[in-house]
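Below you will find the structure I want to go over with you.
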Amino acid sequence: MIGLLAEVPYWGQSLLRVLGGLVAVLLPAGTIVYVFLFKMMSFMQSRLGPMEAGPYGSMQLFAEVGKWLQKEDIVPDRADARIFKMAPIIVLVSTFLLVVVVPFGPDAWFTDFETGVFYALAVSSVSVLGILIAGWSSANKYSLLGGLRAAGQLIAYELPMVLAVMGVVIQAGTMNLQKIVVAQNTGSMFGIDAIGHPYVISQFFGFIIFMIAIQAELTQAPFDMPIAESELVSGYMTEYSGFRFLIFFIGEFATAGVFAMIASVLFLGGWGVPFTWFGWTSIDDVANWMNFAGPLIMFTKMMLLVFFIMWIRFSYPRLREDQLQKFAWKGLIPVALLNIMVTSILKVVF
Amino acid sequence: MIAQNIGFWIIATVMIFAALRVVTTNNVVHAALWLVVVLAGAAAQYILLAAEFVAVTQVLVYIGAVMVLFLFGTMLTRAKIGTESDLNNSYKKLGIPVALVMLVAMGVALVSSFGDEKLPQTATVVSTQEISDQIFGPYLLPFWALSFVLLAAVVGAIVLARKD
Amino acid sequence: MFVNQFLFLAAVLFCIGVYGVVARKNAVLMLMSIELILNSVNINLLTFSLRNGTTDGHIFALYIIAVAAAEVGVGLGLVLLVYRNKKTISVDDLSEMRG
Amino acid sequence: MAKVPGLVKGLGVTLGTLFKTTVNGSNTVQYPHEKETPPIRSRGVIALHQDNCTSCMLCSRSCPDWCIYIEAHKELAPPRREGGKPRQVNLLDRFDIDYALCMYCGICVEVCPFDALFWSPEYEYSEPNISDLLHDKTKLSEWMETVPEAPELESGADKKKK
Amino acid sequence: MTMLGDRQQLSYIASQAADARLNLELETEGMTLNIGPQHPATHGTLRIIARLDGEQVVWAEPACGYMHRGYEKLTEVRTFPQVTTLVNRIDWLGSFANEVPFILAAEKLMGVEAPTRAQYIRTILFELSRIANVSLFLGDLGVQLGAITPVFLAFRDREYVLNLIESATGGRFHPNFDRIGGLKDDLPAGWIDETRAVMKKLRGFCDQIEDLLFGNEIFQSRTRGIGVIPRDVALQYGLSGANLRASGVDWDLRRDQNLPMVWNKTDWKVWTHPDGDSFARCWVRLQETRESTKIVDQLLGAIPSGPVMAKVPKIIKVPEGEAWVSTENPLGEMGYYVVSRGDLGPFRVKIRSASFNNISITPWLLRGVYVPDIVTILASLYFILGDIDR
């Protein structure tokens, strides 16, 4: 975005960036909630979902938000009020911090960190903090158990995620997300330039591990024990109501969107199309209209990935806490390590 | 540079205040959260010091893992909601002069040795590649040693925390 | 920016950390104070690294972060063990080895 | 026979339902806009045919939760035949059913010896105020319009004597 | 006395086995978790008091009675026809099946037997209420384990069964269709064909659930080997129904009893499972649903013609005496012990409902399991709260 807005004064740039960040977080979150949570889930259960608010219930989300905003902001009597109020905001802030490294086009980005992937993984772990203190400060046993479970799970799946990303980083030779996008779109598979080199093919295991880890990080079924409503009522969210619950709710789906964006950047070629289609060779050649087409391409890829996340969420029962940990430590991490090893050997050989 | 200076002072003030709260608050979980503020501030200072990679590592390891471990630890040892009275021991009175004396000593030493020396203006961000070249070049042996330390820590922590 | 402003910040943090280690009875809080000390050291290392134009400080900062993580892991393991056996994590109550 | 993992099969079921719903429509009914027709025998609300009621109190007595309230007085009606004695008839003053209490068991309809009570499948009579659920005899008589004919019986059934 | 000694020994072994599942070095401070009375996993107001160590249950006990409605007492001030409207509210998901044993007991006292046609229709409706009940269980099982889709599929297909029950009896949930001496009414025209179609749909639903849930590896890992009830323990605690059959006891009152119902005239199988774990209980129920659809299909083709009501007086007075009749209800053995003094209503009725006995095993079963498994086990034991508290 800096490249686009060179003439705009600094305060204007900052304002636009904040607005852009809000759009980049809230728009996917809203779309995901409507398309997948309201409609796809209902259709999978042979019903129509919300139909009353707006055509095909498209305004339902606003109705829900309005409802949540009206509700009383309840703080339990014995809770640690200040921390209790702070927790959801930490979770949402983590999402906003995450979105700033995602590139949406050749010049459409918020920040261009050299260590973009690393940064994304780092700030995504901040949300653990929010969840943990939400669970603790609610003064509720279910919340505490939920918070502890969430923290244990998020830490356990942080590791396979980092390791899965490592394969991509080795292949691309950079941690910068923009450069990873370019590397995928300028590369070639088996000598064919036309499809570029999306790492979903060469890093297939990495992709699968990454998606599983995302599923766990987002606490979606089959990894949703922290909020398991049939066991822990709602886990760390049990005591939250109104506005603060809404923040958790938005945070959940916004994070799903942002993680899917990062996955599409890492494995599906991000905002780009294979550069050979238009005869581009490097990022400098990319036409300016990609700044507008890019976000749309990105959005499509994101929706595709979220579709898979949600499809699995609506189909599977949940694992038990110890099975989840076992799966992470005994299944995903060794495979991820093996993947890194093979990738680096192949990288050196070829 | 002015913006960086202002940034430094704001962050430094917040950090010092938060650090004081860490050692004075009567609530273990609050102390941990104040420590998060200190660590986040430190990460910001690292960026000011042109160490982006270290800053990100700081966030990943400290805020993402170490602080969560701390919170885990406090919750598993039944941290109460609200304040606890017996967090300080009888050396509390001794601690203040000790800390002040050390601060004065260090302050004198720092002023006399660096005076008003300035940091280089044209610092470029240290790239990840430089760091990795260093780690896997001259500092390989410490890296190996560190790996063993981590392995030993993992094994040790598991052995300690096991029930049977 | 002066070199000293960073070094002073580190010194203040260090002293606060030392005070914490001396004054705190709760083992978890003592560990937190140690983290303060380690962070002040990191700030120093990075400051000198920038002043001298080398990357050695970065490497050591990274190593310190890694060692701190290991230390917290083992430290909290110990605290949990103590808590399980003694039902307290107050360091003053652990005087059995005093002889 | 290659064994498909259960995880994949499960995904197939949900996706199949997704397509089926998209193509065939859902199984739910968008209630206020479209309505289901309840079966003929459905016990929605009890209708009262006032002329048949002799206020014999059988229904009221056999109701398991005693939610039928009947009051009547006796009056002399003109004789059926010329020159006969005037008949004594019971005239209903009050016939109330409290639907807040009713269990919809249908015993009252069944015991009524004079066919004065009928089931109607009508179900939209909820009220914001619970006391409005007490239907009096005029309201119960209005339900008579909605009472359907008794359904044909399945083959092999003994035809009713009526 | 020797009998008693054996039993004591067995229960001692059982409690030892439960202890062995616990970690013996329980030194951390326990935590008491109240699961319920308002908890989504208890579908009602059951309360499980569990003392936890970490996430492991050290001791658990169900506390029931939050919804006690006093049916046994209520029946004493009702006439016999009125009692059926009450008792079909005990297990509200399979309500027709609750009426049958009571009516059979009253008929036994009066020495009346329903006409054959009525017996057939009774059996069909009995099995339909079993299907309605158990299909909801199959969906609810998913919810307890975190899968949200099966319950909607279950509601979708249960609706067909409820429609059938409604069009035959007039009552969707509480039919009150059984009368002493037969049935209130005959079936409406076209009902048999509709039922055939619905049974086909339900077999499809069973296949769907099997694909979606039972075949799912996650589901299997959550339920296999969890909450194992050995054969002896199951018998000791007086389990019945699918919970007992899942422990390998071949026991089904439909087959083993000679009641004036027509189960024995059809060809069906009593499914048992040797494992006795949560998976076995769920699996046996799934198979039973399939068997029920088969029973209904066979009976539909064989309904004889004739009246549906035997000759009984208009005002029913049951002669003095006592009778006990129990049937294999969706949840297990359900029986009524009816004592009559020759009045309009029963003098005393003792209700034996399956769920109350089935959950009495929870203190034994929940020891040493993890919190998430409490939910699985409770779901697989399958209780209806009204059936526990009555």
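Every chain is named by a letter (A, B, C, D and E) in the order it is written, and numbering of its residues begins at 1.
Basically, a contact is a pair of C-beta atoms (placed from the backbone, for glycine too) under 8 Å apart; a residue touches a chain by one contact, two chains touch by 3 or more.
This structure is a prediction, so every number in the text was calculated from the model and none was measured.
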Name the most central chain, where centre means the mean of Cα atoms. A
Which pair wins on C-beta contacts, D-E or A-E? D-E
Whole-Å gap between the CA centroids of chain A and chain E: 45
Between chain A and chain B, the Cα-mean centres are separated in Å by 28
Rounded Å distance, chain B centre to chain E centre (Cα mean): 61
Just give me the whole-number Å value for how far the CA centre of chain A lies from that of chain D. 54
Which chain B residues reach two or more other chains? 53, 57, 65, 72
When you check chain A against every other chain, which residues touch at least two of them? 44-47, 314-316
Contacts with two or more other chains occur in chain C at residues none
Would you mind writing out the residues of chain B in touch with chain C in their complex? 1, 4-5, 8, 12, 15-16, 19-20, 22-23, 28, 31-32, 35, 38-39, 42, 45-46, 48-51, 53-54, 57-58, 61-62, 65-66, 69-70, 72-74, 76-77, 84, 86-92, 94-96, 98-100, 102-103, 106-107, 110-111, 114-120, 123, 126, 130-131, 134-135, 139, 142-143, 146, 149-150, 152-154, 156-161
Touching chain B in the complex, chain C uses residues 1-9, 11-20, 22-26, 28-29, 31-33, 35-36, 39, 42-43, 46-47, 49-51, 53, 55-59, 61-63, 65-74, 76-81, 83, 89-92
Note which residues of chain A are touching chain E in the complex, please. 41, 44-47, 141-142, 145, 221-222, 224-225, 228-233, 314-323
Flag every residue of chain D that touches chain A in the complex, lowest number first. 7, 10-11, 13-15, 17-18, 20-22, 26-28, 30
Taking the touch rule as given, give the residues of chain E at its contact with chain D in the complex, in rising order. 78-79, 81-82, 84-86, 117, 149, 153, 156, 159, 163, 166-172, 174, 176, 184-192, 208, 211-220, 303-308
